[in-house]
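In the two assemblies presented below, subunit A is common to both, partnered first by subunit B and then by subunit C.
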Partner chain A sequence: MNDMRLMERAVDMNETKIAAKGVQVYYGATHAIKDVSIDVPARTVTAFIGPSGCGKSTFLRCLNRMNDTIDICRVEGDIRLDGEDIYDKRVDPVQLRAKVGMVFQKPNPFPKSIYDNVAYGPRIHGLAKSKADLDEIVERALRRGAIWDEVKDRLHAPGTGLSGGQQQRLCIARAVATEPEVLLMDEPCSALDPIATAQVEELIDELRAQYSVVIVTHSMQQAARVSQKTAFFHLGHLVEFGETGQIFTNPRDPRTESYISGRIG
Partner chain B sequence: MIDQHIASAFDRDLEAIQALLIKMGGLVEEAILLGAQSLETRDTELADKVRAGDKTIDALELQINEEAARTIALRAPVSKDLRTILTVLRVSASLERIGDYAKNMAKRTHVLADQRQIEGPDAALRRMAREVQEMLRDTLDAFVRRDAALAEDVRQRDHDIDQMYNALFREFLTFMMEDPRNITACMHLHFIAKNVERMGDLVTNMCEQIIYLVTGEHPEEPRQKGDQTAIFGGDA
Partner chain C sequence: MTDQTQNLGRSLLETDARTRKRNAAEARFKAFGVAAIAVALLALVVLLTSVVYNGASAFKQTYFELDIELPEAKLDKSGTRDLEVMKKVTTIGYAPILTAALEAAIEKAGIETTLDKKAIGGLISKEAAATVRNAVLANPEIVGTTQSFSILAEGRIDGYFKGRVTLESAALDSNTSPEALMLAQALADAGYADTKFNWAFLTAPDASDQRPEAAGLGVAILGSAYMMIVVLVLALPIGVAASVYLEEFAPKNRWTDLIEVNISNLAAVPSIVFGILGLAIFINFAQLNQSSPLVGGLVLTLMTLPTIIISTRAALKAVPPSIRDAALGVGASKMQSVFHHVLPLAAPGILTGTIIGLAQALGETAPLLLIGMVAFVRDYPAAYTPEAGLFGEASTALPVQVFNWTQRADPGFVERASGAIITLLVFLLIMNAIAIYLRRRFERRW
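Moving on, here comes the complex of A and B:
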């Protein structure tokens, strides 16, 4: 076991970042998430996989209360971030989302400059005391987003003028600018070419040193490449949750087996 | 679970590669039997046939390797599919090795044909070879039927082969001590016996791989080790 690559796959699974218990989600009369319990470990990439409509994105959106914005959506159960109930009345969802950042499927930079895209979050959360402070935060975030070198000479150009892959990395930089503890990613690479995908995946792997990353992906190979833990959702149930290598070589549940190996199930 | 992929071409690829393995297994079984027969009857013509046949076995192994590499590259198999490909690769490598041992047995038939006949070991060697061939047949059955219990059964049967080898080892020593003129023949026969014993070990490896294929776990229970000639020197 002296192989470095094998070693780095070993994860300290002891620390739980997000603990969800008995989560139910309803969209009106539709029961979308059925009694899901899962412990998302700290400083680990956790992948949510499953067929369309299985509830993986819905569940992801519960983790930073994005479902609050949907009127007919009702969330029950218990979701705790570092032991604190995120659905407690005293929790401000805006503050929560600063701690639990999100990156979406389609890169969605604001129609502002690259600089302002990243500076927006720190500004509204009052994280910078001065212009110099803010400059530093922006640079740090862009570096963490692995895009600094590409944009440092045109920080005031519009973010929308970047390529798709660059826009997505800008969005990741924007998400990390508020110093979140958890990063939720909903199909972050589905609109990107293979090179940009590889860059974002490399970035995800670097981010896990500091954050808990939860990624929803339709690409099983992506889940296999970037995650240490994989959760398989099917028809609103969490069918199986385990170490990624185990899920892809020896899944315990026949439904997982059928799905990951591309069988009709 | 329905056992078909959405991409039916993937199913066809997997089936084709497994069919190649079964074909290879059949040829190796035949090589063992014919090799042992050529030895017992000192039939050099049959021995030459076995030696020539090994080329087909080697070619099949190469083809299986290529098909497996292609399937891994194009289909990125996971789970049971991945374990199938891994098993095919390892089993084909073991089969190739067994084929080599059978060829070697045939090769030694030529030398032995010119030596004085020693009564006894020939029949024992043929029984041993037949036993190994039956183990191999059951192993291939276990692979096709995904039958871990059968694979485990075969795995335990390797003990019998080891016992047969131990008995032969002592017999050869006796023959050589009795008359030094027996030494050349006995050395060759001993190499053959050892090779057949190795065939049994390779079949055992295949069985372990098949258990992994079916259950996803490597067998834990250690199997009995029967070859004790390295410990006791055979003169007990």
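Moving on, here comes the complex of A and C:
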């Protein structure tokens, strides 16, 4: 990264990456997301918190149109990435997902080698012109996933043979290998032990320098540790959205206060 | 409160009535299970024993080892070795030459017999004359010389060496006599008759009702192999494509539900119905050759498709959705996620289903009867001819050959039919072994 880019970063620090307005999501007859409007800022970690079934994962999946794969799911409203409506008819979800990467709750490496796991995205998007190019992309992604040192000697060992924490970091490396602009994380640490969780959290904090990260989490401590902005969802509504510090110390809505102090959820 | 103290007072060392009852029920269930498996195993053992007992002898065959003089005066009167002329001498002309050779052997061995010339000739299979004639026509130069031949013994004589025919049963049989059997035994003792492995059973074509000793499975094995090729080439791609579409791409609505129900129903349709369908469509409408492996393969393809579709869909369903999510999450298209990730993971299941479907098709008889594969076929089908096209020549199939032979009167065919069943079972075992091997191999890719 050259200095010019860094300068640009500093300037547009508070630009909005994703702007959602009046989003409604229905699963068949169930109204899962009720009129949610939120602005996700660029190069920030935004946490979605809330009790189970409150719709935070559903909303996250709207941001890269993963809900398209569910037949009965219907999304209404307006979601813009850099000012472009991602639900526009002309938008190909495949292109969108290359721009908005996703890391899932359960580590889900492909049953292929570590190298192939990371190389898959760049390969299908034609990001590498040569084998050396691809090697470089894979190494860069694995370094950004903070797993390079652990796997550099066994890149051709199966990705499924790694420990849970390593698998999740591999999945993060896989997601960043396609050079996305936004990284969506759906409870990335829920299947991990505390040490692996700490490693992933540290990684998320580093990723903030280059990506807009949106993370769904059940752990309020985690939200407090890694995020700058926090959104609290309850029963399909966005109850409160603000600076993480403010949400946890001085919530405006009584429901937020009840949740973070452990009375509802 | 009182209940609790009572419960606490009960010793763990004695079982109460409820627990005893529960344990007894479990023991009973296990006993039923063991009994069921034992019955199944017993049935299998009885089946295999009876088939092997009856059929193992089909893999051995009695031959006379004779030096046969091939007189020019009888086989090539013109002396020109012109094939057209020589072909005019039929097998009837060759039979006396064989009888003479056998008589010469009897005399050389110094065996006394009361049998007349005709009865001595009866020891030799009717097929033998054709064997010698073919050898002569293939190589006319041997006329006028004496050649040693291995020629088939008649079915009853063969049966005697295998223990199927005894002197007592021969006394009641108008086709043979105890004297003939004793003569054959004496010839064997003198080294003129020998029972050896019967390659012809696996390579020769079928033979007529009167000569079970010459009947072989060659045409049936080839016909079955051709049909399996047709089934594999058609059913695997069509079946996999249909299931991938239905499982991964098709919208879930009333139409796809209807199709799904119908596929399940097709799997349960009696196979003979597919035969009628094949007769109507492929033979009567499309004018393909009847009895041909192509039509047989097409009918079996229709029959195998539901099996392949159902097992492929089950294999696709078993692939964890997280893999699809992962692929879509890095920006793969639906098709890329299916072909790069889902299908390879489902491959072991698909292969198993396909081979089970093929094995089922290999053993299928009923639909083949309706499309004429039950015909008596003496000539090998060619894989391709300009007139008949690909796999268009008449043929039979293994299970149909079994069906055919079990209907014939000569007791020699009981042995042949059982031998054919053994061959069919060996083919099925090989296919299942391949299925297991492939599944293991693909699953080992983590």
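One rule holds in what follows: the second predicted complex is superposed on the first by the 250 of 265 C-alpha atoms of A that agree within 3 Å, B and C clash if a C-alpha of one lies under 4 Å from a C-alpha of the other, contacts with A are read in each partner's own complex, and residues count from 1 in each chain.
In the analysis below, contacts are C-beta pairs under 8 Å (C-beta built on N, C-alpha and C of every residue); 3 or more make two chains touch, one makes a residue touch a chain.
Keep in mind the model is a prediction, meaning the values are calculated, not measured.
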item: Partner chain in contact with A:Thr160 - subunit B first, subunit C second, else both or neither; value: second
item: Of subunit B and subunit C, the chain that contacts the larger number of subunit A residues; value: C
item: First, second, both or neither for A:Glu257, with subunit B first and subunit C second; value: first
item: Partner chain in contact with A:Val151 - subunit B first, subunit C second, else both or neither; value: neither
item: Partner chain(s) touched by A:Pro109 [first = subunit B, second = subunit C, both, neither]; value: second
item: First, second, both or neither for A:Leu170, with subunit B first and subunit C second; value: neither
item: Touching partner for A:Met66 - first (subunit B), second (subunit C), both, neither; value: second
item: Residues on subunit C engaged by subunit A in the complex (per definition of touch); value: 251-252, 320, 322-333, 336, 340-341, 345, 445-446
item: Touch list for subunit A against partner subunit B, complex; value: 220-221, 224, 248-251, 254-255, 257-258, 260-265
item: Subunit C-touching residues of subunit A, taken from the complex the two chains share; value: 64, 66, 69, 71, 94-95, 97-98, 101-104, 106, 108-111, 120-121, 124-125, 158, 160-161, 171, 174-175, 177-178
item: Complex contact set, residues of subunit B against subunit A; value: 1-7, 10, 76-83, 216-217
